[in-house]
Amino acid sequence: MSSEFGNLLKISVFGQSHGRAIGVVVDGLPAGESIDLDELNAFLTRRKPGKSPLSTTRKESDAPLFLSGLENGVTCGAPLCAVIENSDQHSSDYDALRDKPRPGHADYTAYVKWGGHADMRGGGHFSGRLTAPLCIAGGIAKQILARRGVYVGAHLASVGTEQDAPLPLRPTRELFDSVAAKPFPVLDDQAGERMQAVILAARQNLDSVGGVIECAAVGLPAGLGDPMFGGVENHLAAALFGIPAVKGVEFGDGFAAARAHGSENNDPFVMEDGRVAAETNHAGGILGGITNGMPIVLRTAMKPTPSIARPQRTVSLSAGENAELVIHGRHDPCIAHRAVPVVEAVTAAVLLDLLLEGNHGTF
Amino acid sequence: MSSEFGNLLKISVFGQSHGRAIGVVVDGLPAGESIDLDELNAFLTRRKPGKSPLSTTRKESDAPLFLSGLENGVTCGAPLCAVIENSDQHSSDYDALRDKPRPGHADYTAYVKWGGHADMRGGGHFSGRLTAPLCIAGGIAKQILARRGVYVGAHLASVGTEQDAPLPLRPTRELFDSVAAKPFPVLDDQAGERMQAVILAARQNLDSVGGVIECAAVGLPAGLGDPMFGGVENHLAAALFGIPAVKGVEFGDGFAAARAHGSENNDPFVMEDGRVAAETNHAGGILGGITNGMPIVLRTAMKPTPSIARPQRTVSLSAGENAELVIHGRHDPCIAHRAVPVVEAVTAAVLLDLLLEGNHGTF
Amino acid sequence: MSSEFGNLLKISVFGQSHGRAIGVVVDGLPAGESIDLDELNAFLTRRKPGKSPLSTTRKESDAPLFLSGLENGVTCGAPLCAVIENSDQHSSDYDALRDKPRPGHADYTAYVKWGGHADMRGGGHFSGRLTAPLCIAGGIAKQILARRGVYVGAHLASVGTEQDAPLPLRPTRELFDSVAAKPFPVLDDQAGERMQAVILAARQNLDSVGGVIECAAVGLPAGLGDPMFGGVENHLAAALFGIPAVKGVEFGDGFAAARAHGSENNDPFVMEDGRVAAETNHAGGILGGITNGMPIVLRTAMKPTPSIARPQRTVSLSAGENAELVIHGRHDPCIAHRAVPVVEAVTAAVLLDLLLEGNHGTF
Amino acid sequence: MSSEFGNLLKISVFGQSHGRAIGVVVDGLPAGESIDLDELNAFLTRRKPGKSPLSTTRKESDAPLFLSGLENGVTCGAPLCAVIENSDQHSSDYDALRDKPRPGHADYTAYVKWGGHADMRGGGHFSGRLTAPLCIAGGIAKQILARRGVYVGAHLASVGTEQDAPLPLRPTRELFDSVAAKPFPVLDDQAGERMQAVILAARQNLDSVGGVIECAAVGLPAGLGDPMFGGVENHLAAALFGIPAVKGVEFGDGFAAARAHGSENNDPFVMEDGRVAAETNHAGGILGGITNGMPIVLRTAMKPTPSIARPQRTVSLSAGENAELVIHGRHDPCIAHRAVPVVEAVTAAVLLDLLLEGNHGTF
């Protein structure tokens, strides 16, 4: 496993930030699925930069070109490949960065791994730009899931210490759609304004700030996933940590459950319309790695963007001595709000893979 | 992937709590590695129940029997299989549980997946007892790593809201050994007493309580791991979520990083004895999925034990109606302190796998 | 991948010929499958040695002990582990072999890989004895497949240059059963007698002889398998080459197709009882990697047993010079007839895995 | 696994014959490897059609466009993506084929799998054209291997019943180069002329003919590969069966070994320049799945091209009745000679993957 995840549905991402193109191969998509390109482009727009002072002013063209796998807008069963061409990029500052690794970035670890050969202009293969092809794959997965009544949505749960309102016990497609339609993807717009103020303050201070994304999926059947290392949590976490800047993943109450008592954290089962449900959802829809039919709820911790305009201490690799670094260019003071659709995308792709696999517990 | 993880080193766990035996196959161990059985048994003892009122009074024999892979105590290259026989178990209450799934347990999801065929006595294949074979595999991995100067250790970082002291920037083997030798695995014994009081109070209240385990690994070279989905975090998280009760995994500052600013969270690089190091370790030793040579630091959130003695609401699957459940038997009021070596074991196994793979970035 | 194959159904084999026990973990078996132990033991008996002068006089106990995964003879969904204990073995000649690798055996390659640590007594992990646990896994798979109308059978197609009669276009379960019931698994008993004469002559000449096994599966739906590297042929070949002594695998007409013309090799489609069938089956039931509903037909080439009683030239690893070797002990003059159920077993396990995966081409 | 193979080095192929482009993602290439594009293009030219009456007159542009993974002609560590654009194709006859599956092709199985959504124009994703991106990946692997003294070469071993001369015991790079430079890739040009006559006769008879490709690799260290299902044969076979038209794979003497005696088939070990070698190479360089340092030798059986100009019997899927089919267009009377570099390419890619993995038997 490297720049790929999935079992029956494999998502393989390629490209560098300043290379010729970035893209994705999606192998295992079911045939006969109509892809609504307008809906897909709307989804891709949600992660695009350059829309407000909350993000970098850099413009990116994210229009995907489909090389294979689609015929007349319908999946044909063969692997789908979509690419996004990179337009000209400012690479002038690159030589300096080559010698002085940026704190918090992969410059140094890529240098150790690949020697001087790593193409780290703009972050190279580690760039947040690589989340655009992930969103192509995930946006397609979302459409296929929605056709089966499975909806995946997310909101920005916090920025710094400012928090959004909590998700309801049973989020709906409508709720997901309303958040997705907002320029700032929160449930509570007043909380959203406080979060935006935190981001703008960070920018003004030549700094950046982190945040938490909360994602949910409704409509999944119970019984998906396998015990131990084949659980839904394992599959989702393995993929979610592939999103740049994710440093934590939790399901249901997650780390809060570690502070709770069993009497608070256990979700009582209850009959609901003749079916087994739970009164609460501290488990985030997963028990023993297997879905219980309640909404899947997860959160990802996004670290603050490492590119900040303040001078930072680093080393000169060539000189072997301490050095100072000033990063120029246009950077996001916070990446978390733009990463909301990315978390949705990865979650959707993993869930579609699990759904294709089905519940093979009995046969 | 189901009850197995790893790539070049595969760990496959089998068994049910009340079946004939539980065990593990470890495929891919390097040959010529001498296994110190006394050291291994001491490691296994750390997760054993029945040692104090902090855990269940149930006695478990964890003495491993090696069926293959070892010759005169030395690995021979062939897959190693070790089993632990189950002694007689009290299964009397099982029929009741079969009908009334325990909240917070996998009873209901296993029932959905496997129908009435699931052997859920004592938790079946989902039981915490399955962590004993994991510890055999991980204990062996720890010995092999230590021979190469890589040490893995852990402590109980919190129980409920009581917290242990933080790990130092550069934990040592001696620190790991001293924590491992304690009956209650904390850095600060006074904090440990407060944590134990929380556990005993939970027991007295017929309740249980969760906790957080912090694990570190020192001595790893920089350059391990691959970008995106092949990162060290992805591999570790995919395995760690296989430990029963884990609901969250974070690396470095994790969710705290999501509340921080970039100027706080970035780790300045610095020359140290002619080598590149970092002044702080908010990244937990991993940048872009790849080790940077600093200690790997991770935390797992352990939910409170779902088996509590209070009456709980659930459903009767046969009657299709709401019901009450009282769980009898001996249960752990907290599982987190016993799970400390389990987190070490899984971490060690994953890291050995990555070390065997090596840094194949250049060739 | 090492001593394991499969995707949703994973078969992991462990043990050495002269170790304490050999066994298998089968992870992913559907729950609720009743295992007929008498039928399983009858299947295992087919590969057992010691039944006639055609094979080694060595006695092996192949009675499997189930450690997990079965409850009252029914699969419970958790990984199944079965072991076979090794009885005392004559290991006296081993020290000589350690220094002088046997031609045609894995002694030398295991020595290069694992140094002097390899446990190569009796062939170690490379021993044909390891096919007994494979037969446990495959025998169970055969029972589960048969319950769905899928039957797997095989015959000894040739020994040396003596050939059995060809399989009919549409083999039946009854045909498979009748071959399986014979002490020498051929279609044409007169051909079988000629083949047995070849084996006995090889034994008399202190030599051994190879053979070909032909295996077929009927009752599979069309549409299983994926294009290119996910084809049914890829999956089967990857597993079949794991059987010791297999040096070739072909499907349908295989190497004979390479000598044929398209007009001979193409199978005309034809309507048969309202369904698409083929008039001939040169393709062995697989086109483009995907089943077409015709019987799957494959052949494996089994090399002659490398252990022969004649003096052979080899080297002394310690002295670094040429040497002569005489192999004592009891050996099979031909392994192919005993390997017939092994090929069935591996084929059945792979096909069950593919059936569990299903035809996910549309969704 | 679908249109992908490999472990540390993953090769993922995409595209349909008449889609916009075909291509490949190669994930895991070591960084710092200079790619000689002229050498690569010369390699790609070897599989190109349109060069003689022995193959289709169809012209294909195979010039690869590199989207990622290369910087100034040197691998940078990130996944490499290369695409080949499809020029306009004649798709007029397609609608007829949609209804009447061509015997020997994947038309019918793709239809079963993907319903009417399969894009089967020109063979779609199953087309031999998809071997062009395979050759890009394999051509790059060949260059990287050659830099380490590992050379992979192949020749056309037979067409119909006409056979080329056998490979010498120790083929050299020079031999491989001389065969690769020939318009018809054989060792013995007189045999080559007889083989070409067979192909031209097939074309004249509106027919096609199969062939066998023999491939060898020299310079590999001993000790690569793992026992049982992780053997070099398993990995190679799993990938080689992904080449369209391959119906058999054998190593060393393969099916001929099944006709031989042990005294003939065993390769005596012998000291050679102070190192262990073998006097013969019936094993094809692999014992117990692990390389022994002798050349790896394998053969693939290529079936005759299924597209022949004679009328053939098939069915009308819409009418559900028998039908006749005449395939128009330009087709190869034999694919085996053009597939020689494809077998080299796949072999090289698998071997590079195994070399990157290394011999992790001891550590």
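Letters are used for the chains, namely A, B, C and D, taken in the order the chains are written, and counting of residues starts over at 1 for each.
Going forward, a contact is a pair of C-beta atoms (placed from the backbone, for glycine too) under 8 Å apart; a residue touches a chain by one contact, two chains touch by 3 or more.
Note that the structure is predicted; figures quoted are calculated from it, not measured.
Chain centres here are means of the Cα atoms, and by that rule the chain farthest away from subunit C is A. Compared on C-beta pairs in contact, A-C and A-D come out with A-D as the pair having more.
Rounded to whole angstrom, the centroid-to-centroid distance between subunit A and subunit D, based on C-alpha atoms, equals 38 Å. Here the CA centre of subunit C is 26 Å from the CA centre of subunit D.
Our note on geometry: subunit A versus subunit C, Cα centroid distance of 45 Å, whole angstroms. Looking at subunit A, residues 2-4, 7, 13, 28, 31-32, 77-78, 110, 113-115, 117, 125, 226-227, 361-362 sit in touch with two or more other chains.
Within the complex formed with subunit B, the subunit C residues making contact are 2-4, 10, 12-16, 19-23, 25, 27-28, 31-32, 65-69, 71, 74-81, 83, 110, 113-119, 124-125. On subunit C, the positions that touch subunit D within their shared complex are 1-5, 7, 13, 101, 103-106, 108-110, 112-115, 117, 125-126, 130, 158, 160-161, 202, 205, 207-212, 222-223, 225-231, 233-235, 237-239, 241-242, 244, 246-255, 257-271, 274, 276, 278-279, 282-284, 286-293, 299, 301-308, 310, 312-315, 317, 320-322, 336, 359, 361-362.
Listed in rising order, the residues of subunit C touching subunit A in the complex are 7-8, 28, 30-33, 77-78, 144, 148, 226-227, 355-358, 360-363.
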